[in-house]
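Consider the two complexes below, in which chain A is the common component and chain B and chain C are the respective partners.
And now, the complex of A and B:
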């Protein structure tokens, strides 16, 4: 019996509607609404305690929401017991059954979901193990495998019954960096091949940027911003997202005025910049941060008309293909990524000008203690 | 390992030799620390056993003496009774204790503390006190008989004391905390995420238990059962107080031989035989049930 690697089923669409969950007096998930398109790869990104893991546990059914609803393909499931939801999951600790061989671990979901035909079980297990490149390891026990191999077994177990939704809870957290980078690409490949909806929880912004179609940045139990990686990177909605996702210059100052298309931020040392009104619109006098990505910043002569900010070079870091020039602007750090041939004879202590395209900058309400 | 993708092992520790010397020094200190307890064990455990062996294995007609003990229906009966009572106690303690330990493992921490307290509480009472309280409960005019008559199950008191039932009841009550605590400690080592992993991959609560939790708890079950069984073998006070003549256990016989009949030689032979049988049982048991080695455990 030969079949296509992929069954007829594809990913499920998932909708979270006004979901709430409180532990004691901590609002772990505070009124979250979200649409996850069928077959997409969504990363929940946030620091610990932001509610991303609680959201995942709600999807899995390990906990029930206080209010709100979860819908798979528009059918409410928040009262459906975990084992009837038809989900696959990769745990942070892998949670492989230590008393079962690799084969029995991977066969477990098939047997629990009523597959009685031994030939079919063997076929599906072999298929799943081949997908994670672990063919030939069937008779090993989990503790005879390396961390990376255990991770692959966990993937195979989660995918073997072709679940329409796959949950991953920081699955690469315990691996070293090289292996993690390799697995990111592999998981992305697997996602493309199986077509299930993947929900991936991580606190690693690189993982989220590398792998996902959509990123949901979470903070204090709420969604700080949701969108494609490019949207979030290029147009963050607030200082938190700007800071959490990729390197960002955030120079604190105060709003001094605004017109129809722009607003002005002044810094302690008297410098002023004009930014487009695309970020948050703030009242004059409000504490605000200038946002611009280091790779959008170029060096200019201090007297050049393109120069928007002046600073004093405090550090020059060689990165191989470029330099990171760090300067002091209004008593705060400001960095620019500069090509090798643009660096010139720059040295520490030099006065330098920084330029950028206006639409790459934003003003955000500044939070005390932020960088 | 024939790993294909990622069988890198951690880089070997660079400074192995100095660490070895350091650990040797620590070992000497450890020996000094161990000396008092080693001395105590040597004087009060190993020496008496040596004396017992000496009594049991020397003198004229050693073999004849053993044959006589083994042939005597009195001792074989007592031996079998001892094994039977211990086995019954172990099985009943296990059946009663496992659900309690399981509930403790997954119960709320607040209730866990209270229940643990209640389990440990009887430990503060002496064996004898607890055995005597069973005499009051199970006596002809005891609470159990009165209650059964009041409900109307029986119309005159039945004999509950001085039977196999009363001995096993008393011993179960005494051994239960040990069983529960040992099982609970073993169950705490089972990762609760495994149950989540089972249920999300399609196993109902019952099947998560049967396929994942139960097998993983078996080493704990074997260990706790062995502990209870071996402890039960040497019970003396409870069968003496709650049992009749047909519930005489081997420790009682040995005491009778040694202190009443002053037949130290036969008492030593019985003791040696008990030690021998117990050791064989433990060895066989270990061979049969150390399944954790199968999946690479220590």
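And now, the complex of A and C:
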């Protein structure tokens, strides 16, 4: 078993308070407030241009906010220059120093932070390299390493001085799928061992779901929703989050009415469903989407009383342990994940009924041209 | 087949042009090895007597050293001024940046005689005429653009994240530039310095005005030699200067080859 690389100090809590940053007329970060608990693993997830890197750069101090404040352990750090913030960072391009050996790259943060004892430096570098399983590569230069190995060196360099906060900007983006899956697990393990606060930027929802304690979904510089992976997956706050995180059925229609506990959505083909008021509460007549995850949907006879929605089977995909049944509902796609034994003799073109438990569905304001 | 013809005639054309350009140089080099007393071409016989002559002449050797000193000093000052200028141009936007840029490059196209006269008059006040430092400063005016252009080119392709990585891991901004950025872009800076040196070594007009009386650099001495003497020693001295230029050029090629990022 490898030794834990735990520093004297553990992770910092991070607070973003009304943070704003504009570039010209682009609001790259638009009033973000967020609390990151000490020692947690937080993923910033969002499409390209949603402000993830800008947020990270604000945390690192590469750019200064137009307004708002950042606090590490409740102490404001806006005026602390980057090199005194005591953080580590892994860049998407790794940014290893090309003219230095692996050893010197990893030793760099120690030397810059005043570690003069060469024995200590050697020990800490060896520890960090062992943690990323790269012992024995000390004398190589970055260009003599594969992409995956460079990534590990970048991890070791970021962690060697036991930073309070580790920033990672799509650190696995340049790796192939297999290596990425493996590194996800390793990074998660490392996080557990070192206890630093990890802030991880990605636009891969799987990465965010599997690795993090908290996910912050970003959109157009603002937070679309923040919460645990389960919260976001089970109760997305809006159509954007529902669509971005995991597969979702989003069938567009209009709100036709509401009462104290539920609201009704009608679709073009005249069908109507009732959903609980847990999502967004919308005015009658508003464009709305029915949200329900495919794995929450079961098949039913069209005349079964449990059936909430009818459709016509347009595709059946074999997934190994289950089938994905895709049907046309009100001219739109609707899918259900169905166990092998439930599929029966279903075939293309059949009319089919869909059922789900009421609380697994929501209505969201529908965005023109969305999905 | 057509392309073959075109390639062939292109090659022929290029060959002719090169011959036309290089012929005078080849003549000078050939004459420098002549055994005759006069500048005759083709030389009647071969010898190294003119090299012996210049290398045993205090005047020629002194001129050679002055050229080297002025050139190295020019290269050094150009680097000290040009590297920060390149950083300013690539990394920052500031008021008058385009003017600043144009001003630096203007030094390359100002007519030499104008430069020479104005610097001379300016130096009378400062007492910098007839000093090696004075000529080096004057040459720096044209040396800086070479350093700026080459350093800026390297900086453009340099990944700023390297510097950020240094900063985030504890290096102060100045330290990150010194320990990371400069070592990574050194090749571009060095190429600029070599150009600045070459430019200084071959410059004549400003040199005549500023350092043309007692301690003359090689270019000035050659120019005077052409006027007063007719023996091949000036051809030998020219060949030495050509040799310096070729060496510098080889250096540039080697630097570029070692540092892939600079490949044209």
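Please note the rule applied: the second predicted complex is superposed on the first by the 366 of 371 C-alpha atoms of A that agree within 3 Å, B and C clash if a C-alpha of one lies under 4 Å from a C-alpha of the other, contacts with A are read in each partner's own complex, and residues count from 1 in each chain.
Convention: contacts are C-beta pairs under 8 Å (C-beta built on N, C-alpha and C of every residue); 3 or more make two chains touch, one makes a residue touch a chain.
This one's a predicted model, so the numbers in the text were calculated from it and none came from an experiment.
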Room on chain A for both chain B and chain C (clash or fit): clash
More chain A residues in contact [chain B versus chain C]: B
First (chain B), second (chain C), both or neither touched by A:230: neither
Which of chain B and chain C A:98 touches, first, second, both or neither: both
Which of chain B and chain C A:256 touches, first, second, both or neither: neither
Touched partner set for A:112, first chain B, second chain C, both or neither: both
Partner chain in contact with A:189 - chain B first, chain C second, else both or neither: neither
A:133 touches, of chain B and chain C: first, second, both or neither? first
Contacts of A:179 with chain B and chain C, given as first, second, both or neither: first
Touched partner set for A:33, first chain B, second chain C, both or neither: neither
Offending stretch of chain B which, after superposing on A, collides with chain C (from 2-10, 20-28 or 182-190): 182-190
Footprint overlap on chain A, where chain B in one structure and chain C in the other make contact: 60-62, 81-83, 85, 87-89, 91, 93, 95-99, 108-109, 112-113, 157-158, 161, 167
Touching residues on chain C, where the partner in the complex is chain A: 159, 161-162, 164-173, 175-176, 180, 183-184
Chain A-touching residues of chain B, taken from the complex the two chains share: 2-9, 191, 193-194, 196-205, 207-208, 211-212, 215-216, 295-297
Chain C partner contacts - residues on chain A that touch it in the complex: 60-62, 81-83, 85, 87-89, 91, 93, 95-99, 108-109, 112-113, 157-158, 161, 167
Footprint of chain B on chain A - complex, ascending: 60-62, 81-83, 85-89, 91, 93, 95-99, 108-109, 112-113, 133, 136, 141, 143-144, 146, 148-149, 152, 157-158, 161, 167, 179
